[in-house]
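Just dropping this structure here.
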Amino acid sequence: MAIVRLDILIVFVGSFAVLLISSFVLRGVKLRMIPTVEASIEAVRVATEKGTPVLFDTGWTGANFWGNSTGLTTLCFVPATLELLKAMSVEAGRLDVRIITGTRNPVYALMSRDFMEAGYAMSGHPDRFNPDDINFYPDNTALIISDVELVHRHNIGAAVMIGGHSQTSNIVVYEALATTGAMLVAGEIWPNDNSMAALCADYLSFAEENVAIGAYLTDDPVPKAILAGEDIIKGFLIGVVIIGGALFGLGVL
Amino acid sequence: MSSLNLSDKRWIYILIFAIITVSSIAPIAFPLPIMQWSKDFYATIDEGVVVDFADPPREFEGVGEGTRVMILCSGEVDKLWGDMSEAVTVVWKDLKARGANILLWTSSPSNEATLNKYLLPLMYGPRPQDHPDYGVKFVNLGYVAGGNGLLEQWKDSVMAITPNDAYGNNLADLPMMETFDELKTECDLMIGLDARGLETIYVVRFNTPLLEMGGTDSASYLALSYTAGYFKGMLMGQRGGAEYELLSGIPGKSFAYLQNALTIGIVMIVLMVVMNVRWYLTKESQVSEEVS
Amino acid sequence: MVEQDQSISSQIMANLPTVLGVICMFIISTLYFMDPGWNFAIFIRNSTTLSLPWPAAIVSVLLVRKHINNILRKESTLPYDVIVVGSAVIIALLGLVGGTNEPTFKTLYENINIIGTMSITSAIAISIFSPMIRIYRAKTPTMALLIALSCLAFATYTPLGQMIHPIIPQMGDFVQSYISGASDSAFWISTYIGAIALLTRMILLKEKLKPG
Amino acid sequence: MASPIEPLMPYLNTFIFFAAYTVLYKHNPVYRIAQSLIVGVGAGYLFVSQINAFNRTVASQTFVDGSLNPSMIAPWLIGIGYLAIFSQKTINIYRFMSILTLTVGMGVALPYGPAVFWTVTKSYAENAFNFLTDGMTVASIGAVVTALSYVFGLSYFFFSDFASKPTEVPRKLGRLVLLIYTAMTIVTTALGKVNLVQWKMLDAIQGVPATWWIPGLMFVAMLVDHFYPLKNLIGRN
């Protein structure tokens, strides 16, 4: 049995080591805000004022075995968006407003049922949870075409769309939301999808900000310290480009 | 619904459909600059490339008689076919003309259905399995589930994991597969159709030369892989098809799409400028009204 | 100290699925660095992968059940619920009786879902043009730059740029290949780092994957 | 063997393709019919394909030559475990299965993150100063622009005050780099996707049988409806 690419293995183990150490050392470091966290809860209030449900669409976010690095980021959206869904459900339960979800991932559909039910229960109004508001669709096309229909039928007043949508199809739903004048909170896994969110969304978070949402929803200092630790890895990579680049250029390496 | 007036955005939709219809009826040819990644794509097929992520480097000498080319239809080709059709067709024709041995895999039923409906009948007739090339110059694995995890396993042996092709033939009985089994060493070139993740499995570990084809905008999310050198060339969209037609001299139908793109491009630039000028003039007149 | 130990052990027991999941995750990860892999890791990976049809089948049934309930309740969407249920049942029967190669089963899927997919994907174009015309106003330097870059991109990716001057598509090609490529890298790589951080939080049981 | 309904398929697929566009006019029954068909057929297809997949890979392999194949027990147990979500008493079994599925998926892909960020960064570093050896060419200038853009882009994502405050200028440049990407992506996406409309339009015009009259008819119907709402016809009957 041979080890393949030892250098990647070292970076792999090193990254975890840095973040684990950061979880102790960097507690209390101040972090910048992520706009979509507060805005998502605000979306529930906006929908309440308009008297419409909130659309919560996460697209393909969920369990996958794509076995590539983009599959990894998709998986990492699961805990973040589920925590957000729970937080929104608490507010929705309190304000008696429906959250209509849209997902094309079976495991995520089942998990969102669990998290949403818990959120409504935490609001003190478990009876306001309706499992039929969790919409699973067999593929991305069914998801998008049905979302558009739901937006028009319910005249949706606010939407939170944080997840993944095939081939920037998220913008088809955004365009439908524009016709109802809905508030749009968005963040996408893929950078090209995120460009569409940048074009249309009222509140936008992108890349790792979306993965970090769970850490922002808790008062625990440890997750935030780990987020601060990410900056050390980014700094290291920047250093590799600048210092390593100079050394390569000068022929030292 | 409000009445249909000039500021109604539905005019935009009507305008775009009108442009597409006219472009489809009467296409004309245009001067076309060739993107660097398309030149790289053709150069890799024509002249070859060196891949040196791992030691020792691998030297690929271009596609010739018997070159083992695996085509991995593992992205969202079902959604993009209308933007990839001509590029895939012309490249496939070129590979056939050069005598390549082509192994095809599709990662989802809908991708398989798309190729079965639109590509394979064009290349090998209504029943590809009955074509004389089948088993000798072309093998279709069809849809095999497992995504890139499957590719991870195929690196050691295709036949050990997947004993049959798309038509139920035993792979071991097909002559082409005798030397096309252990992908990490026996695949000379991979061409991804909107495929992702191949770089981490094959390129960085086994120096497999990798080319990529996608829709016009696939370049936006695959740019990393080209800029970082994993992809040795890319061919994007119907425009990529037109570029390859020019480079290879193989005739095709890609240029029909360029007239549409040109008209849309001009209209969009004009509209953006006009709307901005209108906005600026409205703003100015509002300011002067306030001053007076 | 004893109290702390107890709290750690009780936390582990309370989150046993997450703890076991994290252990499995690292076991599977080792496969990337080993040639060949080890059997136990392959066993876990394959078992989990092979079980995936279950949740997909369950939620498909739930979807149809929801529309059946709508029919029973005579909701306003009744005609459309009938189409959903009817088409799902017909396709399921065709596939279950005739197999997945049954010609009618295949052709219905190709001519409804695959073409529907292409339709929705193509609708993206119009959904982009519309907000571009609606939103792009040079109110700030950033917006002015966005508009200028959009014009450059339109000129680069259509024959227009070449017709005006060859330098235009060359500029567009440069921006796309180098700046956009690097930007794409920064985007993905920051997300990968975010993923490692998320998994670190999971190791410390700060992301539990279950509510409450 | 072709399906007996095959001759109808060109009409059906043109109807589906263009029906999805009618929502641009307004929410209407044609769109609803297309949407319901896509959802229904998709659900039925998914159900069958999952049963087929499980049958092919697990059920048919559970007993080999009459004896139990132990490696097939786990997929059965995990799969059946998902049914536990429907009872509060057993919900923890379901949670374990779903967490296992997620974490195993993460485990497969986890090393690819560092594999990408390390090899990409290394590759940018190796080429950044190529202009020293290769002179000022488009490729060597491109390499240094790539390295700088990457550095700026990455610095935009700093989370903490200790990192982001001292790097204010690179972060602003990083925002610019991301903006450039966004602008280019929006345009290339629009141009790419509009090709799909043309592809279908060509099919409708040049295909056999020609089906262009279907979107034509839809357009006329919408135009008529605009001036004389078609639902009046139903209402008067």
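Order of writing sets the labels: A, B, C and D. Residues in every chain begin at 1.
Methods note: a residue touches a chain if its C-beta (ideal position, glycine included) is under 8 Å from a C-beta of that chain, and two chains touch if they have at least 3 such contacts.
All values derive from a computational prediction rather than experimental measurement.
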*Give me the chains shared as neighbours by chain A and chain B.*
C, D
*Which pair wins on C-beta contacts, B-C or A-D?*
A-D
_Label of the chain whose CA centroid is most distant from the centroid of chain A_ = B
*Roughly how many whole angstrom separate the Cα centroids of chain B and chain C?*
20
*asked:* I'd like the Å distance between the centres of chain B and chain D, where a centre is the mean of that chain's Cα atoms.
replied: 16
_Between chain A and chain C, what distance separates the C-alpha centroids? Give it in angstrom._
11
*Contacts with two or more other chains, residues of chain B listed in rising order*: 13, 16, 79-82, 109-110, 146, 149, 152, 197, 200, 204, 215-217, 219-221, 224, 227-228, 261, 264-265, 268
*Out of chain D, which residues touch more than one other chain, so two or more?*
20-21, 24, 26, 32, 34-35, 38-39, 42-43, 45-46, 49, 53, 57, 82, 95, 98, 101-102, 105-106, 108, 110-117, 119-121, 124, 146-147, 150, 154, 157, 181-182, 184-186, 188-194, 196-197, 199-200
*Quick one: which residues in chain C touch 2 or more of the other chains?*
29, 31-33, 36, 45, 49, 52, 55-56, 58, 60, 63, 100, 106, 109-110, 113, 116-126, 128-130, 132, 134, 150, 154, 157-158, 176-178, 180-185, 187-190, 192-193, 195-196, 199, 202, 209-210
*Over in the complex, which chain C residues touch chain A? Could you list them?*
29, 32-36, 38, 49, 52, 55-56, 58-60, 62-63, 66, 69, 113, 116-117, 119-121, 123-124, 126-128, 130-132, 134-135, 183-184, 187-204, 206-207, 209-212
*Touching chain B in the complex: which residues of chain A?*
4-5, 8, 64-71, 139, 166-168, 190-192, 195
_Interfacial residue positions of chain C with respect to chain B in the complex_ = 31, 36, 45, 49, 100, 106, 109-110, 113-114, 117-118, 121-122, 125-126, 129-130, 132-134, 136-138, 147, 150-151, 154-155, 157-163, 166, 169-170, 173, 176-178, 180-185, 188
*Can you list the residues on chain B that touch chain C in the complex?*
9, 12-13, 16, 30-33, 35-37, 78-82, 109-110, 113-114, 117, 146, 149, 152, 156, 216, 219-224, 226-228, 239, 258, 261-262, 264-266, 268-269, 271-272, 275-276, 279-280
*So in the complex, which bits of chain A are touching chain C?*
1-5, 8-9, 12, 15-16, 19-20, 23, 63, 65, 69-70, 72-73, 75-76, 78-80, 82, 86, 106-107, 109-111, 114-115, 117-119, 132, 136-142, 144-145, 166-169, 171-172, 174-175, 178, 189, 191, 194, 196, 199-200, 206-212, 214-215, 218, 220, 222-223, 226-227, 229-230, 233-234, 237
